[in-house]
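There are structures below to look over.
Here chain A shows up in two complexes: once beside chain B, once beside chain C.
On to the complex of A and B.
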């Protein structure tokens, strides 16, 4: 878990990229502003977690779920995030489901009826794995 | 949608989920987080960073036109209700001379009240008690 205080920081390169995407081209972001936004983002995570946890506790649940996070956004007055978040979640769930099914189909290779389908899914799976490797590379650079 | 899934640039979420999980778990009352909640928090944090940056850029009173500075962010934390929770970690910077003046003013304003409460002299304390009983 968080053993050192820096474990609570978010990668600067990623934060900077996200800020740049939000601002018009050519806007200079001071170093102090970057680290301030990065700190603010960590505090946002903690604030959102604590709000979401209150909703989970009210519902007598121990595990935070998607609904708790969305309720937290509303309580924190970030309602504007809810629609885009729901959209991304749908895409994310579909993506996860796809990965799971690809894995399942792989196990069922012996089944001749499934064989054609599983060959397709194997390809998908490989693509995804390559993508994950790319992601890892990126994160290493960021740190 | 296919375009969003492929290629590093258009990934669903660019902040590392593992790091977001560590931050979430650092809150002692949280026991477990499901995958959807983790993803949503990471995505929300990204939206938050964009919103904070663009809001501060638009509403900042920065002297430099084409720049986002610390004072723009501190201004946002102070002025905008939604970002008020950041006020403690994004304090406004002030000059030392201004701060000294503030301290002086505080001292002057607080002088009347302080006399009765914080006097070390025993006699004065007795007097204060007498006054309180009398009134």
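On to the complex of A and C.
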């Protein structure tokens, strides 16, 4: 079953909600228009990805990062997105950091309950953290 | 009508993320699931790795894009004195707005 990339649709309910929030109360959207906007959003992601990847390659990096996506927005003439995206990214980073701290604290608590505190080895914690970072920040995209 | 079923299921699937408050923008509001966005990123054969942050920013950008194009299309519905956004409003917006040129020929 060959699926074209543009057929990878984003969830209708979320798309509809975003549209309704953007428009005045009482405005409706036809199914065809909603479907077309959803498809357009998929195409947007594909195009932005390709654009961002060019920046990653220019920087001789194999991993597409947030900066590449922001550069892509500039390239695609969606500069007005850049400020709100940076803001959202900051919030996201804080959320992710909070999650990591919570996990680390939970692990530390578990460890101290098992081991004698005087024998706690800080090096182990560091290695564990690095492993977690690798898992969280980079996901291998198999092609 | 079978429409209620899939829609409800999709809504349940999406319910996890958002607080759906009236905050105009920064990080709250409807959230596109990162897994679906990542699937789109993976579809590009030239992309080997993408950071989680990159996927997040793409998802957020897509949300902003949907807002933008809906508003631009609505201008045409208003011109036609309609309160329902139709496919032709979208086509008009795509033709009129330079930034949407990349969409031409892709929505059929």
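Heads up, the rule we're going with is that the second predicted complex is superposed on the first by the 102 of 143 C-alpha atoms of A that agree within 3 Å, B and C clash if a C-alpha of one lies under 4 Å from a C-alpha of the other, contacts with A are read in each partner's own complex, and residues count from 1 in each chain.
To be clear about the criterion, a residue touches a chain if its C-beta (ideal position, glycine included) is under 8 Å from a C-beta of that chain, and two chains touch if they have at least 3 such contacts.
Fair warning: this is a prediction, and the values are worked out from it, not measured in the lab.
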Joint occupancy of chain A by chain B and chain C, clash or fit: clash
Contacts of A:63 with chain B and chain C, given as first, second, both or neither: both
A:88 touches, of chain B and chain C: first, second, both or neither? both
Partner chain(s) touched by A:12 [first = chain B, second = chain C, both, neither]: second
Partner chain(s) touched by A:29 [first = chain B, second = chain C, both, neither]: both
Overlap of the chain B and chain C footprints on chain A, listed as residue numbers: 8, 10-11, 14-15, 17-19, 21-23, 26-30, 32-33, 36-37, 39-50, 52-53, 62-66, 68-70, 73, 76-78, 81, 84-85, 88-89, 91-93, 96, 138-139, 142
Complex contacts: residues of chain B adjacent to chain A: 1, 4-6, 8, 11-16, 19-20, 22-27, 29-37, 39-41, 43-54, 57, 64, 66-70, 72-74, 81-82, 85-86, 89-90
Chain A contact footprint on chain C (complex, rising order): 7, 10-11, 13-14, 18, 20, 25-27, 29-33, 36-58, 60-71, 73-74, 77, 83-87, 89-90, 94, 98-99, 102-103, 106-107
Contacting residues of chain A [partner chain B, same complex]: 1-2, 7-8, 10-11, 14-15, 17-19, 21-23, 26-30, 32-33, 36-37, 39-50, 52-53, 57, 62-66, 68-70, 73, 76-78, 80-81, 84-85, 88-89, 91-93, 95-96, 127, 131, 134-135, 138-139, 142
Interface residues, chain A side, partner chain C - complex: 5-6, 8-15, 17-19, 21-23, 26-30, 32-33, 36-37, 39-50, 52-53, 62-66, 68-70, 73, 76-78, 81, 84-85, 87-89, 91-93, 96, 136-143
